[in-house]
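Take a look at the following structure, please.
Chain IDs A, B, C and D follow the sequence of writing; residue 1 opens each chain.
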C-alpha cells in the first residue's frame, strides 16, 4: 500500500506542477487491483500540505481503510470507474481551464489534429447533462453513471478521457503518471482546438485515415514510437 | 491588531502570488469586528516593499489610526462594505484580467458550470454604471453605493463577489485568506466562461437543480466537502 | 553617465522580467537632459548578456559616444521622440503580444475601463500606415515621424504611449522605470480590451465623466492616489 | 560529433525552456555537413532525462550510428529536409500551441506585422493535407514530401518554417540555436495573428514595401541590424 500511496502522491504533485490545478480543484487516485484498494487525495487539503501518508485508502465499497482524513468528495466517481473499466490503474479529475470550457459548452472535443490523434482515437465525448432524478440521488455516483452511459459508444482504452457536461474533465490510464499525462494532453488539445476554431469557425475533424495512422503508430500491436521496442 | 496586520499582509502577498495583481493594482483588507478596526494595504506601494507593519489601520469613519502611510485609495469602498455586510471579515479588490474584462463589458458573469456553482450561488452580478452625480461626489464611497444597490437583489453570503461596471471585481469572505480565494475563483470562472462562449456563443447558464446541488454540497447545513466534519 | 546607464540597464531587465520581451525584441532608453545624452540598449544582444556598461551612449544627432557596440536599430526613433517630447525622460519599445495585436489590426485601443483611464487619458492612438515614400527614406526616423504626426491630436503627457501601425507599441515616461510601467499597463489594457470584445463585440468606450475622474485622481493638481502627499 | 551532440542537446533544452514543448512533443536535430551525420533527440524520452550522450546519431540513409536509443520518430522527416535544403544546419519540430492551431486550421499564416516580416519573408505556408496513398506509405517521409512540395513555391532560406496541415510546425536554420529561435518566433507571430484577427476578422497582410523593408534590414547584403557589422 505504501508504494501505491507514494505513486498517487507523486502524481497529485505532478498534476499541480503541470498547471492543471486551481486551488484544491483536482485529484488523482490509483488502484491496487490485487488487493482491491484505491488510494486517493484527501478532500479539500491544500497541495502544499499533502504527503504520501495523507493519501486516503478506500475499498471498492467506499469504505475508508484507516486514517483521519476524508477522501476526495469525488471518490465515488473514481471507484465506480474502477469497477467498470477493469483495465485502468488510475483516474484523474481536474477543472483545467480549456477542457472545462468544452465541458461547460456541453460539446465533444473534435479531433482537429495529430496531437489529439496521438492520444485519443477520435473525439473526446461529452456526457449528457445530469437529469434531475440523478442529481437527487448520490451525485458523485451519478457522475460515474453519466460517464459509463457515454462509454457504451466508445472504447475507454482508446479514449482515455471524457468531458462531464457542465462540470469538467476526467481522464484515466494504466498508472497515475499516465493518467496525469492524459489529463495534460486533454487540456492541451482543448486549448489548441479553441484557437483553431478562432481561425476557422467552421473547422471539421481530420479524416479517418490520418486519425488511424497517428493513433496506431503509438498504440496497439504495430506501435513504433518511443523506446519500447528496445526494452 | 498585530495579528490582523499579519493576516492582511499575508493575504496581500498571496494575492500577488496567485497572479491576480498587475503592478500595484489590487488590495486586501481585513476587519477586527470587536475593535471595529480595519487593516488595509497602503496606497501605491510596490508589493515587494510591503510588510505587516506597513498595513494601515483605519476605523469605520475612515480615520487613520497612526502610521505614516496613506491607506489604499479604495479604503472607503472597503469600509462601507464592512458597515453594510455585517458578516464579512475581509474584502479584496483586483483588476484581474478576465473578471475585469466582464466588468468592462458591463455584463453579469453567468453560471456556466460547477466550478462556478461551488463558490457562487448563481450569476456574479455587475453593478450599474456610475451616474454622473455619483462621480461628482466621493468616488470611492459611490463605488460601494453601486455594490450595495446591486446586492439589494442578491445575498452577499451566497455570492461573495461582484463586478463593478467599467472597473473590476471586488470579493469578500470571512477571512482575508478566504476573500483572496474568492477573488481567485472569480478570475478562474471568468476566464473559463469567456472560453466557453468562444466554443458556443449562445451558451446559457446551467439549470437550477445543478446549481443547488453544487453550491449546497459545499455550503450550509448539509455541506459534506472537505475535512470539516472531522474537526 | 554611469547612473543613467545603470538606470537604463535596470529598466531593460525589468522589461524582460515583466514578460514583455520575446527573444531580443524590446528596448529601453533614457536621457540625461542636462548633457543631452541618451543611453540605449545595444542592438541584438541577448538580455542575459547585458550589463550597465553595455548600454550605448548616443547624442541627439545619433552619434555614438564611445563603446564597441551598435545601439538598438530603433535608436533614431527614440532620439526623435526625445527631441519632440521635451518633458519625457525615457522611451520603451516592445513587441508585446496584445498591444502588437492592436497595432497589427491598425486600430486605436479604446478606453473600456478604469485601469486604462488610470494611465491613459483616452484612447491610445494608432499611427497611420507608413507611406511608401517614407519607407524608402530613413525607416527608423520615419517611425518617429508617424508618431509625431499622430500626436498633433493628442497630449503626450496624458497619453504616454502609442501603437505604430503594423508594428507595435512605444511608451514613454519621466524615468526608465515609469516608461516600463506604461508599457506594462499598455499590454495589460490591450489584453483586457480584446477579452471584453470577446464578451461584447459592440462594446463602446467609457463615458467622459468616468475617464476624467479616474485619470485626474492619479494625475495633475488634484491627484490623491499613492504616497505623494506625504513625501 | 561530440560538439554536434552538445549543440543539439542544448537546443533541445532551450526549446523546452522557451515553453514550446508539451510533455515529449518537440525535437531538435542538427547536421554535420562535412561528415553527413545528423544528431537528433531520442524518441519519447522525457526532457529532464536527456543528455548530450543520449542524442542519437544517424546518417542520411536513416542508419543509426551506434547507441542504444531509438531516434525521434520524426527522424525521416528531418533527414529528408537536410537532403533537400542544402544550406540548413538544423531542424526543429514542435506542437507549439498557436502555430499548431494554424496548422490544424490548414491555413497559411499571413504576415500581419513587422515582427513576422523580420523573420519570415511573407506568409508562412501550410502544406496540403496528406493524401491517403501517402499515409499508407512511410508516414514520416511523406511529411517531408508534403513540405518539399509546398516549398516549390517558396524559398526555404527566406521562409525558415512551415505549417504541416493537421499536424504542427517545422522550422529550420543554420544552427540548432537559430532553428529554435525561428520556432519561437513562429509561435509568437501565430499567437499575435490570432489576436489581431480577434480585433479585426477581415484583416489583410501588410503591404509588400513594408515587408521588404523589414525583412531586408535584418537579412541579405544590406542588413544593418545587430552587431554583425562590428565583428
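Just so it is clear, a residue touches a chain if its C-beta (ideal position, glycine included) is under 8 Å from a C-beta of that chain, and two chains touch if they have at least 3 such contacts.
The shown structure was predicted, so the numbers you read here are calculated from the model rather than taken from an experiment.
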Relative orientation of copies subunit B and subunit C, as a Cα rotation angle in degrees, nearest 5: 90
Self-contact between copies subunit C and subunit D, residue sets same or different by half: different
Intercentroid distance (Cα basis), subunit D paired with subunit A, Å: 32
Computed distance of Cα centres, subunit C from subunit A, in Å: 46
Residue list for subunit B, restricted to those that touch at least two other chains: 198
Pairwise touch network: line, ring, star, complete, or other: ring
Those chain pairs that satisfy the touch definition: A-B, A-D, B-C, C-D
Subunit B to subunit C touching residues, read off their complex: 22-23, 25, 42-45, 68-70, 73, 95, 97-98, 100-107, 129-130, 132, 135-136, 139, 166-168, 194, 197-198
Contact footprint of subunit C on subunit D as seen in their complex: 112-115, 181, 184-185, 188, 191-193, 195-196, 198-200, 203, 206-207, 209-210, 213, 217, 224-227, 229-230
